[in-house]
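You will see two complexes here that share subunit A, one where it goes with subunit B and one where it goes with subunit C.
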Partner chain A sequence: MKLRFPTILRLLVFALLIVFLIRPEWFASVFRPLTENNAPAIYNQGSLLTLTLLHLRTVAIATAGATVVAIALAILVTRPIGAEFLPLSRSLVNIGQTFPPVAVLALAVPAVGFGEKPTLIALFLYGLLPIFENSLTGLTTLPPTVTDAARGVGMTGWQRLIKVELPLAMPIILAGIRLSVVINLATATIGSTVAAKTLGEVIIAGLQSNNLAFVLQGGLIVGILAVMIYDGMSAIEKFIAKRTGLVQQT
Partner chain B sequence: MRLDKLGVVIAVITGYAVTVAPFATFRANRIVAGEPQTLLNSLPAWAGPTLLAIIGIAVLIGLFRTPATFRLAASFAALIALFLLIGLAAEHLTPANNTYARVSPASGFWLLLFAFALLAADALTRLQPTPLMRIIVLVLAGAFIGGVLASGSWDKLSILKEYGARADSFWTEAGKHITLTIGSLVAAVLVGIPLGVLCHRVQKLRAIVLNVLNIVQTIPSIALFGILIAPLGWIAAHVPGAAEIGIKGIGMAPAFVALFLYSLLPVVANTVVGLAGVPSGANDAARGVGMTERQRLFKVEFPLAFPVILTGVRIVLVQNIGLATIAALIGGGGFGVFVFQGIGQTAMDLVLLGAVPTVLLAFAAATILDAAVELSSPSHSRTSA
Partner chain C sequence: MIEIENITKRYGAATVVNDVSLVVEPRTVTVIVGTSGSGKTTLMRMINRLVEPTSGIIKLDGEDNRSLPGHELRRRIGYAIQGHGLFPHRTVAQNIAIVPVLLGWDKAKIDKRVEELLSLFQLDPTIFGPRYPHELSGGQQQRIGVARALAAEPNVLLMDEPFGALDPVIRSKAQEDLLSIQKRFGTTIILVTHDMEEAIHLGHKIAVMDGGNLLQYATPAEILANPATDFVATLVGTGDRPFRFLSLNSTGDAVEPGNAEGEAIPASASQRDALAELLWSGRPALPVINEAGKAIGRVTVEGLVKRASRPAA
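So, the complex of A and B:
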């Protein structure tokens, strides 16, 4: 594989992020000009690495849950047994996307209390929609010749789903998961307003103490993570699409 | 008669909501833990059974395969009964002359609301209303809620007591919320559409602009709001006249700029996609009849790309209404003020006072713009594709 400039740039940024997370104090002089009155230049109320890992864990758990439920629901409403729910589920996806994440987060607090739980609920619900929408698109826009052929060779409904429909819909479903992860990475920061341990804590600490260095650190880490995960997942999608032969078939 | 599958789901939810879940919560004051009250306990002797009867009939209509109009009427009747009687429950549960006591809807009420909203959404989806009909339904629903609010029958509800305590600031924050949302949208349209046209014409620019805007979208909103405090503070201090027109490091200015930046991607991307989707035949024909570049842009490309651009505007508007709540964290105002105050005081009614208008606003904006997009699409005005 030939390394091109964008790939090298990404590897560099990734290396820089790792170094920053392990040894943030090395970068103190970079952030110093952003502080006033001798305020600390590097977040000092906890480890940036721990917060980053907790942030990623929260997003991973919520997205994993959302993926399983969304794909299961999409499969259900595209089978004959759940076909009655198909139009309604489409409208619900539309309505659900109008709910602001802050509102979902705040309304989850009375039900489950402060901390990680309301954040997980909000991220789960918010992550559900893009995956469900894409799974639905993927499963309902399969070329009829393919499904007919599968039926023609005597595959059962279950076999058609596992061997034909899901593999063909996989690239679109993966694109939905990618969208959901990127949205959730940013939304998880809001979770810190209800005391969840995420990188939002760094940003909020910066807002409260008027320390721009903190705000920038938290924001940069989340932004870089989002771009890298987006790129990484796009690469995986391309790989899978190539393997299933979806690229050549135009 | 055959059973309707969604009807079964709704029957299960309502069954749980009326038998197990509490209908309303009574609290001796604003922040103590509440005592759950059952549906029959919460309402006067005549009203409880009446509500149960209306719910029962609506569930039965939903349970069997009935025409969609029936189902719609049944769900609306149940929703109206719920809305009217929750106010009555608050009046019934609040002891006379007690201004500290709070009554709020509990999980049973919310589940019933959800169940019948589901039935209504399903019936509406089956009826496939025209865009105009959808707007009429929206206006009627808005008028109904406005009427109930004006009649004062909800005044004893906890969320309206929170409103009563801060009615002035509610409307100030509402104004700020809408100014932020619409203002940043207008700015994004004015900048984004020309930028989109430029990206459409200049291939090299397209990748750069869209990549940069994509990266902006990945910055968490609270961080972007925070990061903008510094440059705007600097401008306010160093550019003459900037402070006079309201540019400040904290407050609405950074919130406005952040919302504007988030709005650019959908507007630019949809303009590019819309223009790219203009059939080359239409462009050739325009060139053939001797149109200038400018005429071709305004008379051919824009009208054909309009529905796609409008879809971008819809995305931005709904997104901005939600994001504007975050502005409260940096002193930018908006409904988020109540949400975050409520979280801070663990006063959930105050959270609702901020969250409910935000959700309603976003929902109304989505409905209206979806209808507008559909009305402007060629498939709507012409039958041939």
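So, the complex of A and C:
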């Protein structure tokens, strides 16, 4: 495979991110001009690497939960037995999306206490919609000849789901998961307002001490992570879509 | 043998198939012809219970087709559809192996069967087996669709407009392939089409449907000679009738003693092809050769024209 410019650029940015997370002090001079009154240029209240990993963990757990629930719901409402639950599930998932995560945090803290838990609840609810809607689209827009053939060759309902419907819907479902991950990567930062260990801590610390360097560090790491994960998942989707013949090979 | 007894299918107030009865003899090709909305596809889909009838019974070899769960019944009946319906995420070999895998055949037997079928359809197993359906041409995809339907050696093969998406040249090749496969395996085939030409060419018997009713169920010769209703006559096409009639029989059946000049025609060609050749080349007679290439007589314009006239009722 030939390395093209965008690929090289991504690898460079990724390498830069890793170096920054392991040895942030090497970049102190870059961030120095953003500070005032001799404030520290590099976040000094904890390890950036640890915060990044915790941030990713929170997003991963919340998205995994949302993925399982959203796909299960989509499967349920596309079976004859669950068809009448479609409008209800749609409303529920829509409420999850329209309810502001900050409000979810405020409501969840009295119930489950401070820390990671309220953040997980907020991200879980916020991540449901894209995955559910995409799974629904994927499962209901399969080529009719293929679904007919699946019945015609004698597959049971379960076999059709596992062997035909889910694999063919997978690229669209993955696109939903990708959207959800990217949204949640950014949203997870507000978890730090309720003491969750995320990169939001860096940003909030910067805002409190009026230190632009901190705000920028937290924001940049989240931004770069989002872009990298977005690209990585797009590549996986394309690969699977090519395999399934859903898009013409170029 | 497939016995369809008083089958009716209603969707709400609409009757899609109305009290149809017919018997399909084993090892024959039966073609169900009709316009769209005639109920022909619904009738066929009730045989493997993709559609459940409102009333009536369908028996396969004397056994009610409801005596098995639907999916098990369908594994025993081949099913090929227009636009092939191949699974795009599975290779050609995996597609063909679908039903044997569902039936739990062992791997060696499945591999052998896949190879056998690919060779039968003139596709090299080592080249085409690992390919994905979208890497094939339309004609190749259609052949794989039929190969998949035949994979578990079913006695009965249902085909829903299997050649509808093919261009004319590939279609006639596919039709010839189907006939030779039917002869070879003795499969009972039920094929749905809107094309009377195809029906006359492929069917031992033709069932003509319109508005959910079975208008006529007879041999192609009978349908051409004595269409039961005006609608059947329209489908047959009065202008083409003599030529379609000629297409039913081979040139060998029309051979007369004697010699003729010029290029010969094989005895296996249809009488219609023979007449076409006579008219086009402007000759009064053609020599006829058998499979060994030996002259066995001649066909004449006069003789063929006589055969193209309506048989006495």
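Definition applied: the second predicted complex is superposed on the first by the 242 of 250 C-alpha atoms of A that agree within 3 Å, B and C clash if a C-alpha of one lies under 4 Å from a C-alpha of the other, contacts with A are read in each partner's own complex, and residues count from 1 in each chain.
In this text, a contact is a pair of C-beta atoms (placed from the backbone, for glycine too) under 8 Å apart; a residue touches a chain by one contact, two chains touch by 3 or more.
Here the structure is a predicted model, which is why all the values come from computation and not from measurement.
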Touching partner for A:Leu107 - first (subunit B), second (subunit C), both, neither: first
Partner chain(s) touched by A:Thr244 [first = subunit B, second = subunit C, both, neither]: second
First, second, both or neither for A:Ala235, with subunit B first and subunit C second: neither
Touching partner for A:Gly152 - first (subunit B), second (subunit C), both, neither: second
Superposed model, subunit A: greater residue contact from subunit B or subunit C: B
First, second, both or neither for A:Thr98, with subunit B first and subunit C second: first
First (subunit B), second (subunit C), both or neither touched by A:Val194: first
First, second, both or neither for A:Gly218, with subunit B first and subunit C second: first
First (subunit B), second (subunit C), both or neither touched by A:Ala15: neither
Partner subunit C, residues of subunit A touching it in the complex: 143, 145-146, 148-156, 159, 163-164, 167-168, 243-246, 248-249
Parts of subunit B lying in touch with subunit A, wherever the complex brings them together: 4-6, 118, 121-122, 124-126, 215, 218-224, 226-227, 229-230, 318, 321-323, 325-326, 329-330, 336, 339-340, 342-343, 346, 348, 351-352, 354-355, 358-359, 362-363, 365-366, 370
Interfacial residue positions of subunit A with respect to subunit B in the complex: 34, 82, 84-85, 87-88, 90-92, 94-95, 97-103, 106-107, 109-110, 182, 185-187, 189-190, 193-194, 199-200, 203-204, 206-207, 212, 215-216, 218-220, 222-223, 226-227, 230
Subunit A-touching residues of subunit C, taken from the complex the two chains share: 48, 50, 71-76, 79, 81-89, 98-99, 102, 132-135, 148, 158
